[in-house]
Structures are given as C-alpha cells and as structure tokens.
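To keep things simple, chains are lettered A, B, C and D as they appear, and every chain counts its residues starting from 1.
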Amino acid sequence: MQERIKAKAIELLESGVCGRVLGWKTGEFFYDVTPAVFESREEIERDFVFGPFCGANLSKYLIAESRKGGKVGAFLKPCDTYSFQQLQKEHRILPENVYAVGVQCGGMCDIDAIRAAGIKGVLDVEEQGDSLLVHTLYGDKSLDRAAALSERCRVCKSKKILGCAELIGEQGEEQPSARFEQVAELEAMTPEERFAFWRGELSRCIRCNACRNVCPACSCEKCVFDNPSSGAENKAPANSFEENLFHIIRAFHVAGRCTDCGECSRVCPQHIPLHLLNRKFIKDINELYGPYQAGADMDAKPPLVNFQADDPEPSVVRERGTNP
Amino acid sequence: MQKIGVFVCWCGSNIAATVDVQAVSDALAREPGVVFSTNYQYMCSQAGQDMIQEKIRELGLTGVVVCSCSPRMHEATFRKACEKAGLNPYMVEIANIREQCSWIHKDKLSGTEKAVLLGKAAVAKVHLNTPLTAGESPVTKRALVIGGGIAGIQTALDIAEAGFPVDIVEKKPTIGGKMTQIDKTFPTLDCAACILTPKMVDAAQNENINILSYSEVEAVKGFVGNFTVTIRRKARFVDETKCTGCGLCTEKCPQKKVPNEFNLGLDTRRAIYIPFAQAVPKAAAIDPNYCTMLKTGKCGVCSKVCTVGAIDYQQKDELLEREYGAIVAATGFEPISMDKFDEFAYSQSPDVVTSLEFERLMNAAGPTGGTLLRPSDGTHPHTLVFVQCVGSRCDGGEKGKPYCSKICCMYTAKHAMLTREKYPDTEVYVFYIDVRTPGKNFDEFYRRAVEEYGVHYVKGMVGKVVPENGKLKVQASDLLGGQQLHIDADMVVLAAAVEPDKSARPLATMLTASMDTNDFFTEAHPKLRPVESPTAGVFLSGACQGPKDIPETVAQAGAAAAKVIGLLSKDRLTCNPCVARSDELMCNGCSACEKVCPYGAITYIDKEFRGPNRTTLLRRVAQVNPAVCQGCGACTVACPSGAMDLQGFSNAQIMAEVDAICK
Amino acid sequence: MQVNETFKPTVVAFCCNWCSYAGADLAGTNRLQYPADVKIIRIPCSCRLNPLFILRAFQRGADGVILCGCHPGDCHYTTGNYYARRRMTLLFSMLDYLGIERERTRVEWVSAAEGAKFAETMNDFVETVTRLGENRRLEDLRCKSE
Amino acid sequence: MKKLPLSQLDAFFAALAAGQELYIPAGDAGTAAFTPWREGLKLTPALNTSRSAKDLFFPQVENLVDFKVTGKQIEIIENRAPAKPFVIFGVRACDCRSFDILDKVFLADPADTYYKTRRENGTIVTLACTEPEETCFCTALGIDPANPAGDVSGWIAEDTLYLQANTGKGSALLETLPMLEEGEKPELDQPVFDRLPLKDLDWSAFGGERMMEHFNSPKWASLAESCLGCGSCTFVCPTCQCYDIKDFNTGSEIKRFRCWDSCMYSDFTLMSAGQPRPTQLERFRQRFMHKLVYYPSTHEGEFGCVGCGRCLQKCPISMNIVKVAGTLGKEETP
C-alpha cells in the first residue's frame, strides 16, 4: 500500500497534475508520523510513509492548502473523505485546487492504546496477522491488533471513499457500527451518575485546544473562545463551569457538521473521550430528525439549518424515559 | 462610558401602587454610567417627554432608560421624543415594569426588587447600544385583499378610489360573500341584495380593481411594502373572458343533483353553474366533483350549447406571482357546524334549520321563492321556535365558542318580526340567555318585535327538541316564569354561533399574522390599532378579526383601506435598523446563515483581505442586505464564529441583560 | 425540605417579541399573577436565542431558563421557531447527557393571546425549579461570591 | 539514608499527609496526575504524569487580585490563597530539574511572590526512574534519572523505598516520620538507560551562540507547516512558564487571574499594534528558539528542556523538540 501511494505521489508531481502533495512523514519512531507537504521525488522516497499509525485526518490542512495557489494532491482515508466533502459544502476547501486520492484503510493503530495495554518503552511493531509483535526496551510483547486500534477504528462506520479523483485500494461500503453503544450506556445511567462521569472526564481538561485545532469542523477564522468580544472567551479552565461551557458549545457548534472522524479524542493529551459528546448529538439527530451523516451527501441540508414542521418538541428531553 | 438618564414612570397608580418608584430611581442612580435618575407620574405625557428631552439637552445624555409600560406600548413614543432632543432613537431602552411587574406582583417589596433588576438590565443594555440609522425600502404600490365579501369589496373600493391598484382574491366563483345569502338587513329591513350587488358591480367595473375569483393565496413572501404572493387560480373549466353569463349551459347540463351551496343545500343546482343571478364575475364554473365529462370523459353538453366556446375541459390550475405593498385579510366567517348539538335534532329533522338557512327560506331568490314552507313537507308552519346562542357563550369551549357571536340577537329579532309580519297566523317564540342590542336603533328594533309584532321572548334555554308525528316537541325552561315549557313547533331555527372561515388559520401562518385562540386575527392594539395586524403591512377587515354586523364591517373595511392608502402613498419605507450584520473579518463563508435566512437577505462575495506578512487572502464572506433583513436573528445562532450579530439585540447586549438579571 | 421554602430561584425567561412577550404583556393586562422570580428578556424571535445565553444565565446564577416563542407555524419570521426548536431540543438533550437536571430548561410556545398560558407556564416552571433547588451542576462559584 | 518496606507505603503516606497536604502521582498511564493523597490512593504504574509537576508551584489558573465594584466605588482586594505547606512525592528527575529552570525565571528579581510562596512551602520528594520510556532523553541533557535531586531523593529497589534527605527541609521532613529505619540502598545496575533510543541526542549546535543563524533557518517552514497551533506541548511541558493575565467580570467584581499561555496561540503577546508573530511559523519558532537558544543564552548554556518526553507523546501531529533539534542541528549536506 505504502509503495503504491508513494508511486502515485511521485506520479502526481512529475506529471504536473499537482505542484505538491499532502501526506504523512516518518518520524523518530515508527508511530510519530507527521502530516507533511511533499514537493519532490526525493522527499517522498525518503520520508513519505503510510502505515497503521497514519491516523491524522489531512482534510483540515486542505482549507489552507487549497488557497495557496496551484493544485495540491492529497491522500485521504475513508473517514477523512467525509470531512473533505463536509468542508467543501461549507466552502472552506476549494475543490478545484485539490486532487484527492482515496486510500483504503484497514483501521489505524494508536500508540496510546498500546501504552494503555501496559506496554512500556515501545521501540517497534511488527504486524503478524491479527496480532502485533511489539519490540520494547524490556523485551518483546504480543498484542491483539484489535486492542491496538484506536477507538474510532474499532467502531468504523464506513470504508466508503467519497469525492476522490481516484482510489488506491478497493472502494468500501458503509458498515454497521457499534459507535453509539457507549452513548447509550451513558444515557441509561442516572443523571447523578452521568454528572459524576463527565465531571471526572472534563475536569482533566487543560484547555490546550488540541481537540478544537485538529477538528475539521472547527475551522472558524476566529473561534468564539479566542474572541474577547464574543462574551464567551475563555483561555483556561478556571472552574468546572468553564470546562463544561467550552465542551458543550464546541460540540454544539459542530453538531450536524461533525463527521465523527474521532480526531478530537485521538489528540486529547488528557484522554478525554470527547467523541462521546459529538456522538450524542449525532445519535440525537439520527433519532429525532432521521439518519444524517455529515459529509456523506453534498446536497443534503445539515440538520441544524433545516427543520420539519412536525419535529419533536424540546419537551421530548424531559419526557424521555431514560431515568426518573 | 455612556451618560445614561433613567426615567421611572408611575403610570398614575398603575406602577406606583405596587412598585416603590422612588426606590427604583434611587437604586438605578447608583448604577455605573447613570448620571440622572428620576421618577414622574406620567412619563408618556407631554410633560414627561419634555422632561426627558430637557435632560438629554442639559446633561448631554448618550442613553436613556425609561422604566414604564411595555415597549410594545410606548417604545416608539419615547424613541421619537429622544430623537427630537437630538439623541439617536436606538439609544433608548424600556424596562417593562408595568405589564411584567407592577400589574402581576401584589407584594410591593418583591415588585420593587424586580423593577430594580429590570431597570439594571436595561441600563446594562444601553451601555452597549450603538446609534443606529434606519435604511429605506421601496413600496410596491398595489394592494391585495384576501376575501371578496362585503368587507373585502368595501376595502378594495376605497383603496381603488384613492388611485391604487388592488386585487381581490376570492376562493368562490363569485364575490359577495355571506351578505349575498342574507334576505333583509337589520334594523332597517332593506334588502341585502339591493345594497350589496351595486357594490359588487362597482368593484367589477373599477379599473383599479382586479377580481381574481375562484382563487386562493398559496404562499406569501417578503415584508411590508414588498410582499410577493403566489395565487392559485383554480380551474373553473370556463373561460371567464369569453363567458357571457347567459346561463344556457346551466339549464342544459344533465347533472341536476348537485347540492346548491348558495341555498345551503336546501335545493340543487347543475354541475355547471352560476352561483346566483347577480354573481360577479357573471361567469359559469364547472364543479369537477360532479361533472360527468370531467369524471368520465363522456357528456360535453355544455360545450355543445355554449355559443361563445367558453368551455375548456382542459383548463388547469394556474399559479400567479404578484407583488404587493400591503395585504388585507378579509376572510370573513362561517356559522359553526351543528353536529355537536344533537339535542336540537338538527340532523334528525329537516324542519330544524339554522338562521342562515332560514334566510334562504325567506328569500325571494331562495329555494321556496320567498314563501316560508317547511322543508320536510312544504307546508306552512304555524308555530316557530327560535333558539339563540347555539354554540355561543359556551364555557369550556368543547362544544361551542366562548364568545358572543354578536349578530344573532338582532337577526333573530328580524326573523321573528318578518315571520309575524308576513304570516300573522304564526306563533313565534324566541328563547334567549340575554338579548343584546347595543347598536344604533337596535333596541328599538327588538322592542318593535316584542311590542308591535307580538313575538314571545322567553328567557331560558331550550333543553331538547324531539321530532314526533310531524311536529317538533320543544322542551324549554322559562326562567322568569319559573316553569318548564312544552311547545309543539312546526319549525325550530337555531342561531348558530359564527367562527372564522377555515381558510384563515393557514393564511395567518403564511402572513405570519397572529391569531387568538379562536382563530380570529389579532389586531396590533385592541383599542388603538384595531385594523392592523401586528405584522407590518397586513391589515384586517371585517369578521375575520371578530364577529361583526354589516355596518361595523363596512366601517372597519374603510378604516383598513385608509391604513393601506396611507402606506401605499409613501414612496419608501423606513426599515427597521435592528438587522443582522456580518463581521467580515470573522466570517468563514460557510453559508449556514444563508440557509436559515427566511428572506434571502444574505449573499456572499469573495473579498480580498490583508494577511500576515504582506500577503493577501481571498475569502468568501457573507453580506446582509439591510433592506431585506427583518432582524429575526436566526443567522446569528447558526453562525459558529459569532461573525453574524444582530444590531439592537447583539450577543453582548443580551448577555449584559442576562448578567444584570442573574446577579 | 426547609431549604426550598425559603429558596427563591432566579428564572430567566427569553420571550420572542411578537408572541410570547405580547403574551406576557397580556398576562399583565389581565393581572394574572406569577412569581417575581421570573425576569423576562425580550428577543426578536426564539431563533435569536444562542445556547451561549442559556449557559451564561446559569453561570451568572440562574436556576432555570425558559424560552417562549410563537407556536410552530405562527412565527412572525415564518420559520424562526422551527430552528429554535431543533437547537433547544439538542442543547437540552446534551445538558441532560452531562447530568444537569433536565427540568431546569424548558421551551413553551405562547401566543400573543395566551396571557393565561404564560402565567400558568411561569407558575409551573418556578414551582419546578424551586423544587429542584439551587443550580449546582452548572454554577460558576466565582459569580456566587455573596 | 532511610528506608521503608514498600508494604508500609500506605502508612508512610498517611503519616506524611497528617502533617501537610501530600500529592502523589496516581492514575492510569496517559492520564496520571499529581493527586492529593487520601486513604487508598495508590502510586501510578506509569513512569510519569500526563501534566508535569510544575502545576503545584505554577498552577494553570491563579486568582491574583479582585476589584470589587459597589455603586460607583471600586475597591482592590488582594486575593492570595493562604500559604500551606505541602509535599510532592514521586517527582522524577526530569521534573525536579524543571524547578531549577522555573526558579531562574520566577525567583529572579523581582521574585514572583505567588510562585515563591509555593516553592517555600513545598517539599519535593523525588523518585528514581527504573523503567524509562523510549521517549525519555533526560540523560542527553545531563540529568541522571537514577539519582534524582529534590529535598529528598527516593529510590525503590525490590520491595524497599530508600530516602535520602538533600536539604534541611528534606531532613526536617524525614524526622517527622518514625516508621523510617536507617539503611543503605544497594547499587543498582540499570543497563536500560544505555539502550534509550534518544540517549545520544546531540544539541551542541544550540545554545546562545548561533542565534540568528537558527532564527533565519529556512527549515522552520517545513517544521512548522503541520503545527495545529494548539497548546498541548506547552501545557504538558514542565519548563514552559508563560502566562497571560485576564480579567473576569462576575457582575459584582472583577477577578484578575493569571493562566498559562502558549506561544503557539495566535493571541500570545497580542498587542494593540497586532500580533508580533503573525503566522504559526513564527510562533512555532518562538517556542523552540526559546528552549534551545534564548534560554541558554541568558542562563549559562542551560537548555530550557529537561528531556521528559511529554511533548513527544502528546503532540497531535508528533512534532517535537527532538525532531526540531534534529532537523535544525543537522549540517546541510551540500
């Protein structure tokens, strides 16, 4: 796969289709891959990498890249293509300046998942069928590949590649996903339990803005939380209210636009399961207003700028029989 | 920092009785930015306004807070007053300490506390107010009247007389409305047709009036001065421009068994018909529910007999889109259905009729040619019982209406009187709760019915009507006599309550005009603006606003016309300056705002911005057309970055109010 | 529950200018009583209500927030309350999901003619919020210095 | 040197916590944090905490002063949390070194009294590393993870905790703990430190010397191009010390507080004339120039980095000081 992608990248550059291509660059270790723009065959041959740790969603970079003049090539995984389309719908990416190549994905691993399994001093990983052989400072360890996958890939919703000029690998399909199970578990709790759960999670927030800055939907020229005149500016989580405020409003602002790419949870240095907030909105939207997948359909009107005369009343929240 | 003046109104004792106005003005004097604070008996009076103006000039106030009645009442008054003293009118805020405070809180302590908080919120808001300048929008000099009854006709005539073109949209094939079905009119007993039909002809002949009969309003867009209305011209299958109204087709049509709605189903008409002899336009229409040709494709008699070739079976509904500056709702009323009043045996005996049906039975153009005959056997009735308030003044509202239908007392007196006059051999009973005759010559009229014509007025309600052996056994109570009455009647006439026409509710939705719980249109102010809807540019004429008799309807129709003329005589309207504004530096160009804008007020341009390090960036940004924006604020919430804000109700202003209130 | 007897909640009612604010005025005109704990903020349309304002109210010490607007279909601006309805439904659901008492937030449609409904709604809402007691889960202690 | 069987660790913590607030690193890998000790709280199995130990001396948010508004009067209220003694147990050698770096900033004249008070009231008990992560590179910066500094140095060997007081404050603390016995720690053989992949990091190209050369390097463009401009590196970093001062209006008073700032943010050092570092490139460069060049230039060559490796683990796009130094420090191949 990596070799085919690299060959394609070189071809795009040398045929003149693109002046530069967006991909993933190798790092000090096998897992610390960085999104990067490549402009020459040499760079690609030396640094371009595609493997199980290329989790970063490159779509957001296309907002800036598609405005820099000339055409940029971009390699997008299935879930990245949902963001790619959503950002085109919002006129953030100029599609005429992008040559998108879809790359099929077998699920991305997460170094934090490997560390969470208690494996320390990770030096290298070998894929051995369904398991991983992890070389560490403290000897070799074996781990199920599934356990090393990031959460979003364990509940992958779609392997469909959207809106790309060409594909590398097979076109995939939407697939059944258990992604709402954890939301449903929370919904089934008592309000007190939910409150305790979220306090526990959100109290770790350090307001580093990694979730916001990586989020393809959070692409405002100026975020309300950075804007002293917005009345909502907050630079630090001074207390529990501000932790809640930031995460509620952020989730609300991306509601109906969030493709559930899961980048927010991937990048959170404090391992807050932020995707559970976005997925709550997605689940509610699906249940109350009919199934909607942001980015899937270039023409569908996003649910928060749309309505039906017979939409449920807000009292549905009070009346819903989750818990007394 | 603003220099704010606070003016607390006593509203006589309306506010001062439950709010300590001195304490309120003292407390607000301590707020930051407040340089003057006082209270006065009537702020809205000339003396009160003078005081405000004097202080603006004397102290150079940059903002004014008036703690008084609802801004819906006097915001405009105070804004105007301040403008005269040189202050931008949008630097004025009203704290509603009457409707939302003194009138609802009996306890002076908590009322005063709340009044202070409301005042503080207004002060906090004024701190963030900015002077606003209203733009202008052009006025389309054409009016639309919806409904072609006497109300609509009169409104249209008056507007047309003033020189403005006006369209009447009438859902029936002819204009004229309910008045065409009425025999005589109280209290003068002149013939309804004789006074109405000349007006119908006037309307048809007036070159400023365009009658769109058999048509309905389908959609309304736009705003005062600039409405765009879609009108459905229903297929009548007869070319209105060719039809001469000769009526030959209506005689030859083989489909004879169509209930005649003009006579309320008391007789029949043909499938092709002219509703009545004086119809305007005098043109036939084919009833697609009964026409054999339209249903089966076999017949075509009317087409064969028509000498001018007006019949067109292929005709389709047509959609017109027209621009108007003002819209008048004149949708009128309907008697309520008698389905829920089975105690009066309406569904069991044809001799139990509604008053409107009785009108037809008395009318020379009616099914009986004006001779009063029982619908069941065509015999002359001797004993008649009139029941008043059928469905009016009903508590609970399940069965009938909570309101008084207003016209029933008078028309029942008329019916009773006319019956006794024509047929002196009859006994006429009228059962009533109250007889209400507040109108010029009304009580005299009623008294004539009792005194000259010997109508038996009985205070009490009819409990039950049972048809038995060709008679109607009426059980009733005589409250004054303290006895139960049993009357063997030949006919029973029910004074059915009136309700707004069914088309009013969907129309109100299209017009965004508000309605009350009974589906009557609400007026902008019950006393001072009775013919205007709260929605600018929408006016109310006739019974769609509330039950009315003919003189009242005509008076209101004229008043509505005067308002429309006033509007259309302006070339440009001042726009509401409280409109959305896009901060281009923050706008993402994502189009969320455009998608929720009901007016299409938002467009996008690609604009060059200075980037860092001497670069330039081309960005798509939203722009608001202030003449089109109506200031709802939907866009401001759809916008995630907060680039879109609403002048006069900005994010910062509302949050300042929140802060002041929650403190 | 001795606390609740003396507890006076702070309730913010956002009312659309055309229907609910007029409905509140009508309640006043008809002298229909409701607790002074309710403070009304006039907004042009229910769709003007930004979720930020609701959270701001809770931050500053509100114990309940209610939005009143025209009945669906009767919006002065045609469609505003339809958007408000979706926004508020989702926001309230999210607050509930975070374990914040769902009875602290409410939307009611009150027309200009429904003064009685306005007063009843406020009476009921204040009673509900009083029963819940002080807002603890969405409070900002910095704003509660007194 | 004192010693204590690990089986008595809970009693030891209880005794420490009896005299003052005690913080220990607790929680799972990835989210471990210095947590106030309470009955039953266990040491984390993770090598280090997610946020560094600097939080305890330089918290993310700190109220400095209040301005109370009554009517039209404004009153200034000094609002300083009362000084309370506390102990941090389990600080790693890298974080311990970070306090030296912070001290040079905050205790230099004029001293930051908020920081100073906390430093004076805090006693640091370090813990030697035995199982470093692959991201550790403190050894390359002259830190010995096996022999950490602090008021008290700690080692865990087999099932015993060894403690050595290094300062008067440390000795005084140990004297309050009767369960400690005298003992000497055995010599530990820890070859793993020689196998660390980043142990040979060469930062000789940096320091105060070649400031303008590094500043003007064309390599910044590609290094910074994928930076998201978030503050995660800054906020997990034990040596980042920048802060912003903000006012919060509660409605009745203004709370002036300081909070961590990040040079990665677009409003960092924002002035009325605008942002002196207008693009992410300049902001990104600032952070690494500060650690590798500016700080050493004013602090006798000492780097503003302690090699804890947190930024290597936490950066969303895996860009970090090791990659930057590696790229910048590499001689151009002609």
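Basically, contacts are C-beta pairs under 8 Å (C-beta built on N, C-alpha and C of every residue); 3 or more make two chains touch, one makes a residue touch a chain.
Please read all numbers here as calculations on a predicted model, not as lab measurements.
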Chain pair with more C-beta contacts, A-D versus C-D: A-D
Central subunit by CA centre of mass proxy: C
Mean-CA-position distance for subunit D and subunit C (Å): 46
Distance between chain centroids, defined by C-alpha means - subunit A, subunit D (Å): 30
Inter-centroid spacing, subunit C versus subunit A (mean Cα positions, whole Å): 36
Interchain centroid distance [CA atoms averaged], subunit A/subunit B, Å: 54
Residue numbers of subunit C (touch at least two other chains): 51-52, 56, 60, 73, 79, 83, 87, 140, 142-143
Junction residues of subunit D, two or more chains touched: 248, 251-252
Touching two or more other chains - residue numbers and ranges from subunit B: 596, 638, 651, 655, 659, 662-663
Overall pattern in which the protein chains touch one another (line/ring/star/complete/other): complete
Interface residues, subunit B side, partner subunit D - complex: 30-32, 612-613, 659-660, 662-663
Residue ranges of subunit D in contact with subunit B within the complex: 69, 71-72, 249, 251-252, 275, 278-279
Touch list for subunit C against partner subunit A, complex: 51-52, 55-56, 58-59, 72-73, 79, 82-83, 85-103, 105-107, 137-142
Contact footprint of subunit D on subunit C as seen in their complex: 60, 140, 142-143, 145-146
Residues of subunit B touching subunit A in the complex: 585-592, 595-596, 604, 617-620, 638, 640-643, 651-652, 655
